[in-house]
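Below you'll find a set of structures to go through.
Two complexes are shown next, each including chain A; its partner changes from chain B in the first to chain C in the second.
Up next is the complex of A and B:
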């Protein structure tokens, strides 16, 4: 709080009668500023009373003068222009002292209208009055900051991450709450992104989630070329919504590559700092992608990382330097968390695969496919049973990849699970995210496989990189999920489509879920890049990871930086634990 | 020679029925529900009773047993057919035990009883609601939404277990995990005195082109694809079979069929 007060002070000093203050005696100014710092302690009783009166009057004026303030602001901006050439974003601050209403002592008003008051004015004002003036301006500043909308860029106070953050339900899981929907619509309008409308009847249990149709992509409502959204982001959004890029890892990597392109094409506008402006540029892109398809947990973590990296760029970096640094950061993130993690996980997993094994896999997990190919290259003898499910039929992709490698495969649908399980020795599953309470969030059907495997006493191993660990807590699949296009459930056999007119049947709802959660008691082992942990140790890893991320804030201010990879630190910490 | 004509006509009908059964099982012919199958079988058996030449109960039973063996061999997975045959044999025994009169009287009585059986059957079929449930994501819905799970089945086995459509075992396991009662609705003609021990006759497979179409290309030659039709559901997972506990099934079985007829 102290630091934010300082910053405001400095700005006000600069903008408002800047000429006067700067030309004033040095010690005088320093004294003023020092006193401003100790403001709270040195106010005498009379000053406090006056301040209270001023505050009351301010409040009254605030209520009365809704729009007339704006008129006053416009009036006052004109005379104060010769004082300093203000960049548009700092207009708010020139405006604010101007809009500080009449109760600011008369000494304030003449100083506004006359751009260069004679130095003789200054000694006339008593120190107490000046202090009171300053105090009143601060109050007005704060009051109108609360009033005005967030479109003006605020001075960034250093993030106080050590304070508890109030967590609210994300907006995409409150679709049946009209207030939330309105807020979302307003936010999107501000960012100039079209709002995607829901499609079809939603089953009541899931009415709090969005349900979109694949035939109505968001890009149809955009003007081409879009000035707000970078073309690589538009392309990415389309790839997500049409199901061209699927899979947790694929989506995150595609996102990071698109962001790299955005950074390459970015130029800092004049009088802006790259650290702040770039983060603000990314916000509408993220809203757009969220509208195309709800963000996955891995994408969320990647975005957090990028935002942190961008805001930690020191201001003395030139633009080119900053950009190359960001690009290398992103490359390093992908390399560490996806490529090297896959190698580490394969190494651990191959220990668990013995000759003669019959391994069951579900759907298409890039990580599990990688593990199986590596194991085959290391001459392990095993065969694979691929279980698939409608409507996505992702198992066919896995089948293609494994057969190409030369692995002997069997392919069944999930309804034949009880038939194949007696001959299976292990089950390998991929994960979309691992939740903080140890539940595994994965493609719908995974929990069914884990359940039936448990009944047949077949061990279930989940493979997941640590960057997919997420802080959410969920015990069922209803709270937060994704509803896919319900028309996918229609199947045409022998020229007849049974569910063709499902819209007309009022009592029928089609539900096409994408994810489900598996309880930790069905999972025997989780293989991560940090090692093989039981499912219940996930919160431990998360805790250690979080500590690692929140530390750099105050450490940075003292010039420390973690130059070592976070994964190695975690590994070391876990060993110590 | 009207007798000879009738005989050839009867033989023709039996052959037609057998051919139908064989075709129906492979999936290319018209799919028939179990109820229809049961009705057709009963009509055929009635015809046999009416038109075949027999002089005593034993003769009739021998004829029906012989035909029954041929019919069940044509399509082993259609247990309904075998069940109807066993039922008719039981009826004949009952009739024999209850009356001591001559052949013709017996014949009429048997006809009566078979007619009654057919009617009984149609009533049962109409009143039974056989429901099928889709189960790709059913597991977690049970946690909150459902109070009961009601399923149908192809056969109810002698130990109270089921031979049901693929995927029913997963549904049953999910129901048990979430402590939701599992109720099976099945008409009487689906009760079969078989046990699930016969591994090779239990399962039936259909062409996997539904699972992996021929358009998948070259990988078809390198891949095994299985498409089983049935699932075994053990009796521990079932709460109720049409009003009775699974452990009560053996009692019902003894009312419907005679132990000697278990093996045709």
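Up next is the complex of A and C:
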């Protein structure tokens, strides 16, 4: 028993090293990233100007000379590119410590936040540019690898975690790229899933996102007794796209519920292995659901979990045995991550609610509602101000739920925010996801609330279960977001619908944005099921969770046999911090 | 399997006896296809691969033997025969096939001709986990003059009152004029939950229902319900708002029976995952209504939905007028050549683009056919003029006839030079040469020894 305790302590100490370093480095690093990004922006601006000049020259020359000359010119242009692009990328990479999630923005930011090279540009040029970029990245990788080798003696983390993984951008944020769309169409065709067509005109900055119409659900293109897709998945997809199941928690619970039905109805075909076949069977379902509405971060995590559980099933397991195991796994996942997590969070959060508080909430977060109801049951005396916004007006549902409990509520629209804030003592916000750089992704409008609250010096508390933590990094709301049906913005009053014919007005675009991100500067505290942490500790939690899921070799080497709950490790670490 | 299709094709067509005297209703030719083909085609189009067809022995025999009523469908037809004289209602028929029902069902009547997007109905059923969802359409005014009827159509039909909520999807109330004593009585339990209700008239029920499997099981326990439209649907609609266990004063026996069965909750599936569904609903910030303090669906488990078609074709061929209208519109529903390739048509005749000529017809010189349907193996001789008429199979029309706005049933022979206006000629009738028959000349009612009536009123 003693020895095991020692091991834990040792482990904590080791982890601690890494974590302290990571944590204390946080703000500086961020600054660096931002600078790198800014550099990138400026450079790309310059670059653009130069490109334009060169283009003009090229045109002139094209007029004068033949095509063979132009080829030469291209060659000439190509090598000049890396000089411009290399410094920012290299800088970003060398600056970055070799931790997995961070490199994503560095490599992704310049290409995305800066106006992306339009496809109308000469293809040869963009190819050359890409080549140069790739070369730069390789070099940076090599450099960081060396760095990681030297630092690994300190942190002793497995090298696989340290290598900056160049992740491919998900398809649903590259809709404006015809090649990607084509690839997606091909994939769907292979999976026998119809392709849902985009709807209406998209506002220019968001042309890389999908925009669907609620009135054209995917079931239109399916045969009615659905043969390819399990009925429960079809139902779920409809409920997602019609907005009957909304909210990160509800969506992932519903997803797992549907998966349970799929697993129950599943029989392994002859000459197949359950572990492999079932995962393959879920893939088309997931791409179907992704088209009904882009998956939430929580759903992504749930899917990851299920896939892992399925592939972990030993091959000697009988089918029934495997299915029961999976079903109990799913039940446990829901229980731990949604039900118990909500209980734990409300326990922590209630400590923060004192008598006489005026609490401001935004929209309808199931978790915040739960907390407030629990606090009321524990006979805390407080008042709630519900801030709501168009077009969904979800706050009305929050209002109904809270008033039904007997909590005294005030309801205002977001435009009245600065008017009500002076009387507010705390702001409780829900979250769609917590990103690895500490940014909070939530219902659009949340960042505005956090910003105004900060100006009024009102503490902002974000409540979020840890299963919504996401390894993605995002610093703005443009790169990855969701567009809802623009028709939702139309309002019918007295039988008249003002924007009815918005399609016909060429100079008018409707934007129904779903999420925004709030920078960690505006968030004072995140209340999670593992305790109250600052935003910047998201990578720590992710890291600890990863440790729990797959025990690295070095832990096993040290005779570490028992799983330690991530909660325990994290607690120890956070308290030492 | 998600849905099983059930086609009800055992009805006698009591409202158009004149036509169904010899041909059973499912096999009446509409646009030269048997009526039953239309719902079958509808089901096939949306992707069904198997249909349970409930019909009579007679129809089954004719489908399998008669080449004229060949059903051009690839689906697997599972034909279940019921006795004709047993006087079974549609609900009785469902009870009859209870063993075959494994999942939720889609019940279609054989007289439905529609181009409705079925997914709308099914999506309501899916998304709201409904017990019943059905299709309705705005009623059409029949413009054609109906043979055997003087003047405009009579107003014999009794109106249906259909109450829907603000979205126009949730079915809250249903009543027929015939059942009302004095006025429309709406129960307080509905008004409490849905203070705003739109009551619509002028809708036709397409007799297309999505039903939960539990409803079929419920029918098996409740022998008293015999018709889907007449009893089951109103019962389900009513049941949405009543608490299953309350109301202690139940005196009459039928009610007690229903109550008893309901209390064993046969009408809602108690899924093993009810808890998870509940959790989902609790976490989802969606509500189907606002204005009161109750949760989504008011906590009810039984929900009925209706999809009301705004535009498009939706006919129930259950009256003569509807039959004629359907014939007029049928060519628009399928894109087959109007003139069958095996028909022999003289070059010197006039055939309008809106006419259909069936297989192996013979049409001679100097005839003119406008807005009409000519059935299989019909012979039309010289100088015949056919306008706005339906000629069924195997009819012979001799020289110089003039047929207008009439229905000529199978194997009739129209004598030379006959002039028929707005008449219905029964099957295998012989019309004397040079006769003049119109609706307006009642003295021409001809009595016949044959059992087949000739309607020339």
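Just so we're on the same page, the second predicted complex is superposed on the first by the 381 of 577 C-alpha atoms of A that agree within 3 Å, B and C clash if a C-alpha of one lies under 4 Å from a C-alpha of the other, contacts with A are read in each partner's own complex, and residues count from 1 in each chain.
The rule is short, and it goes like this: a residue touches a chain if its C-beta (ideal position, glycine included) is under 8 Å from a C-beta of that chain, and two chains touch if they have at least 3 such contacts.
As the structure is a computational prediction, the values presented were derived from the model and not from experiment.
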- Task: Classify the contacts of A:250 with the two partner chains as first (chain B alone), second (chain C alone), both, or neither.
- Result: second
- Message: Quick check on the superposed pair: does A:339 touch chain B, chain C, both, or neither? Answer first, second, both or neither.
- Response: second
- Which superposed partner A:516 touches (first chain B, second chain C, both, neither): first
- Message: With both complexes superposed on chain A, which partner does A:231 reach: first (chain B), second (chain C), both or neither?
- Response: second
- Query: Which partner does A:451 contact after superposing on A: first (chain B), second (chain C), both, neither?
  - Reply: first
- Return first, second, both or neither, reflecting whether A:403 touches chain B, chain C, both chains, or no partner chain. both
- Note on the structure: Contacts of chain A common to chain B and chain C in the A-superposed view 396, 400, 403
- Partner chain A, residues of chain C touching it in the complex: 1-5, 46-49, 106, 117-119, 122-123, 126-129, 273, 276-277, 279-287, 290, 293
- Item | In the complex with chain C, residue positions of chain A that touch it | 217, 219-220, 222-227, 231, 234-235, 238-239, 242-247, 249-251, 253-254, 256-257, 260-261, 334, 338-339, 363-364, 366, 394, 396-398, 400, 403-404
- Seen from chain B, its contact residues with chain A in the complex are 135-141, 143-145, 166-167, 169-170, 173-174, 177, 203, 211-212, 216, 219, 222-228, 231-232
- Query: What residues on chain A touch chain B, complex-wise?
  - Reply: 205, 388-390, 396, 399-400, 403, 408-420, 444-445, 447-448, 451-452, 455, 476-478, 511, 513, 516-517
